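Below: a set of structures, written as structure tokens.
The same subunit A turns up in both complexes below, where it pairs with subunit B and then with subunit C.
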Partner chain A sequence: MTAPALDREAYRRLIEDDRVHGSLYTDPAVFDDELTRIWYRTWVYVGHESEIPQPGDYVVKSIGPQSIIMSRDRQGAVHLLLNRCSHRGNQICEAARGNTGALRCHYHGWTFGTDGALLGYPFRQGYGPDTPKSALGLGRVPRMGSYQGFVFGSFAHAGPSLLEHLGAAREAIDRLVRLSPLGRVELTAGWLHHEVRANWKMLVENETDGYHPQFVHSSIFEVGESHVAEVYSERSAATARDLGGGHTEHDLRAHFRRMDRPLAWFGTTEDRLPDYCRAMREAYGAEKAREILVEGSPHIMVFPNLFIAEIQIFVIQPLAVDRTVQHVTPLQLAGAPDMNRRLLHQASGSVGPAGFLLADDSEMYERNQRGVVAREPEWLILRRGLNRERVDADGHLAGAATDETTQRGIWRHIRAMLTEEVPA
Partner chain B sequence: MCGLGEEAGAVIENEFASVTVVIDERGHDRRLRVVDNHTGRTAYFDALLLETLAWTPEAELRGLLDPARHRWTVDPGPDGTTR
Partner chain C sequence: MTTTAPTISRTEVEEFLYREARLADEGRYDEWEALWTDDALYWVPSGDTVDPHKQISVIYDHRSRIALRVAQLKTGKRHAQDPRSNVAHLLSNIEVLGEDGAGTHTTATFIAIESRSRGLTTWAGRVEHTLVRRDERILMSRKVVRLVNADQPLPTLAFLI
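Entry: the complex of A and B
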């Protein structure tokens, strides 16, 4: 059942510059509009090329509620196919990943290439010669693009290119891959899937919310060394930045430059990772390697669903107005086995089943969803830092680490998309 | 008596098919025995056949994957048999 769409004027009323209406998180009609005007239109992150290294490899991913097969055919080309048989709609792939040269539907045996082409169906006498086999392939995501191995899909047949969509977020992705001595990340350590009873925008807004860590994550500060407490304090030199296009970041570089210690961002020192540091110096030269290791990893929310969280990657998948899955995997760097072991270890401590970080955030998402259904007051307040917001050298709005510059930026873009003032 | 590798049948499977592959040494030369684990259907592939497969162009392989090409060719009879 589809709820009636809201008109543009309604969204101009519900999304103001410094406050948003609570119904945007709870109204199924809004969710349906978001699917058609955002998720099935703009570039959405699907998967990473490193997840399908071999010809014949495939993984099952998603664009919102749509199940997507990301496959590498026998010639090596990557495809984004809809996980639905073109005969009578059965789901083609059930496994999360596999290797095959063809896909055979379990229902009546229609068989497809990993490029989506229909290879044939059993008992062809039941179909006349006019059955257009070539038009009966699997559905495809109309546009696909890849940046630094990150594969995105768009259901819009035309619109801005992937690079135009990424805009200033590109530079942050570049900063991520340069942490590898080979300049490549690999998302091969496996995925955890956390489902929450909350609206997807609560997650997107929280990923670059620097106001909550002092409260929600205080337990993490009490165990072991962590930079988080200091980065997200009023003394922090970090910046909350609206990169445009709905992309937001916490730029922590100024904070770590002030500390001027390689790997401080990772809570460790060079002598603990001698092989990694040596490989970095060999790859980039001593000076550049030191700069990279001091500045650390980006913290950026690529709209609408890719969160690069310094040491792990999150993918946000909305399923319903109050149901969202967060897929998470540890960052792995090509050519850095000792670093990768630590990355894996840290990820299980923060986002694993017994981890501190994600469990605390998830609790907040669900409480937020339960709270926001209240009839009074109707609005959520996003004013923090308006009094000290500035435009930085690159022309982006920037605020202090705990400011809501980022949430305002996300909503500005959502409003533009829902009122269809911007191309996808 | 089986030669080296005879017992070491390997299951090769994905979510669409499952076969057991054994190096068979009962003939005068080694060959592969392939058993469809769902039906028990067995086929042998000698060196020349395998070499031929390795040289088969992609388009021909795709043709072989058409389920109506050799396997589900005619509509099932009243008793459910397909041949």
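Entry: the complex of A and C
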């Protein structure tokens, strides 16, 4: 049974500028509204083109709880198809990935091209000549868009374009891909799937929460070598930025410019990655390459589900009001094999169910979920940094690295979507 | 036909595996860490891991990273293990597969029941060890944990599996 939807006024009451109500994380009716008004409406990140390089390749991805097949057809075009047979709704792809000439439903044998078109069904005599075969292809996500290989889908038939949706986040994605001497990222190093018993917004908010690292991650900062503690301290030059549209960023560039050392953001030095640094200089020229290698990789939460976390990519998938999966893969840069080995090595230490960092983040998500069921007080306070918030040179609302400028920005957008004040 | 006695007997294998599981379950971190050789590898592949140098693993710890993992647990601030999970490992189907220059290779199935505030979590799979004898002690140079659900979403796995 679907819970009744909340009206717009309810969301105006539950989401204030500097505090939000605990029921937003626990009420199944809110979750249903979020699926309808956010996840099945706005642009949601699905997969990367590098995951399906060859014609006939497919991977099974998701938009919210729905399973989505991202495929490449014989002509090389990418499709986002519903993982559901158009006949009786059976799930078609069981394997997480593959390469095939045809997708076959094993219930009654209907087959589809990797472009979603119905190729045929067994025992044709049972269907009359008026059966509209061309209309019986696999369902598809109505709108698909791709930026720098990142493929997004929207269930809204009309609305802002992908580029309009990305807005200022687009420039951060550009800053990511320029770390490759070929200007391309490749998400080919496999995925970890980490499930938490917490609401999806706990994860989105935490991705650009610069207040928590010193406390949640103190154990690894104490025993390992890490520059991260410094980035999220009162001495940091980094800023927390609200990019609009629910997108938020920790802009770390000022911090690393002050350090003025190539690859400091990656915790290493140029002499450890000579091939990568040479390829970067050849691709961009010495001066530009140095600037890129000093400024480092972006840390940006693209609303609602793509977290570019400097050296890895997270995809957030809500399953239920209190269940979320975070899918994570190491960043890999085209044309940089020595760098890619280190990226993989670092990611497998940091993230996933056993990660030095992410196991503790996830513990906090679950404790937070248990905490917010409390009644009176029911509010979560998001006031940090209101006293020192400003508009930065790019026109974005910005605070110090540890400020809640980012959480306020996320909630402003969620409120606008739930009250349907903004288009998808 | 002549047979030579194995370097490590089946009884020694069983005793080692049971002891290793018990030290992990009881959170006796220093004693557990002392079971590793200097060139050790502790590996928990994910469903995507074909080559651990090309795809991410749940855990891929060489000796220095095993030490880091243990050191993190011992800070008392590893929140995902503070409080520590209560864990019971059950080992069965132990086989000694043979020995070569690397050591004695064993395989077994396991179930580990983990309890914490989240509830009970069942972990299961196959565990492979490579054991060597050093100065009259038996140590492990390699431990691979192949979870039955490695390809599915996993909850947080912060105890020593």
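Heads up, the rule we're going with is that the second predicted complex is superposed on the first by the 419 of 424 C-alpha atoms of A that agree within 3 Å, B and C clash if a C-alpha of one lies under 4 Å from a C-alpha of the other, contacts with A are read in each partner's own complex, and residues count from 1 in each chain.
Everything below uses one rule, namely that a residue touches a chain if its C-beta (ideal position, glycine included) is under 8 Å from a C-beta of that chain, and two chains touch if they have at least 3 such contacts.
Bear in mind the structure is a predicted one, so any value in this text is a computation, not a measurement.
Visitor: Identify whether subunit B and subunit C fit side by side or clash on subunit A in the overlaid structures.
Guide: Subunit B/subunit C on subunit A - fit side by side.
Visitor: Pick one for A:Gly395: touches subunit B only (first), subunit C only (second), both, or neither.
Guide: In the superposed model, A:Gly395 contacts neither subunit B nor subunit C.
Visitor: Per the contact definition in the header, classify A:Cys93: touching subunit B only (first), subunit C only (second), both, or neither.
Guide: After superposition on chain A, A:Cys93 lies in contact with subunit B alone.
Visitor: Scan A:Gly101 for contacts with subunit B and subunit C and give back first, second, both or neither.
Guide: first
Visitor: Of the two partner chains, subunit B (first) and subunit C (second), which one does A:Ser219 touch, if any: first, second, both, or neither?
Guide: second
Visitor: Considering only the touch criterion stated at the top, classify A:Pro377 as touching first (subunit B), second (subunit C), both, or neither.
Guide: After superposing on A, A:Pro377 lies clear of both subunit B and subunit C.
Visitor: Tell me which of subunit B and subunit C touches more residues of subunit A.
Guide: On the superposition, C touches more of the residues of subunit A.
Visitor: Kindly classify A:Gly126 by the partners it touches after superposition: subunit B alone (first), subunit C alone (second), both, or neither?
Guide: In the superposed model, A:Gly126 contacts subunit B only, not subunit C.
Visitor: Touch check for A:Thr111: first (subunit B), second (subunit C), both, or neither?
Guide: A:Thr111: touches subunit B, not subunit C.
Visitor: In the superposed model, how near does subunit B get to subunit C, counting Cα atoms only, in Å?
Guide: So the smallest C-alpha gap separating subunit B from subunit C comes to 16 Å.
Visitor: Write out the stretch or stretches of subunit A touching subunit B in their complex.
Guide: 74-75, 93-95, 98-104, 109-111, 113, 117, 119-126
Visitor: Please name which positions on subunit B make contact with subunit A in the complex.
Guide: Of all residues in subunit B, those touching subunit A are 14-17, 58, 61-63, 65-69, 71-76, 82.
Visitor: Could you pull out which subunit A residues touch subunit C in their complex?
Guide: 96, 189-197, 216, 218-220, 222-224, 325, 328-330, 341, 344-345, 347-349, 352-354, 356, 359-360, 362-364, 366-367, 370
Visitor: For subunit C, which residues count as touching subunit A in their complex?
Guide: Answer in residue numbers: 44, 46-49, 53-61, 65, 68-69, 71-72, 75-80, 117-118, 151-158.
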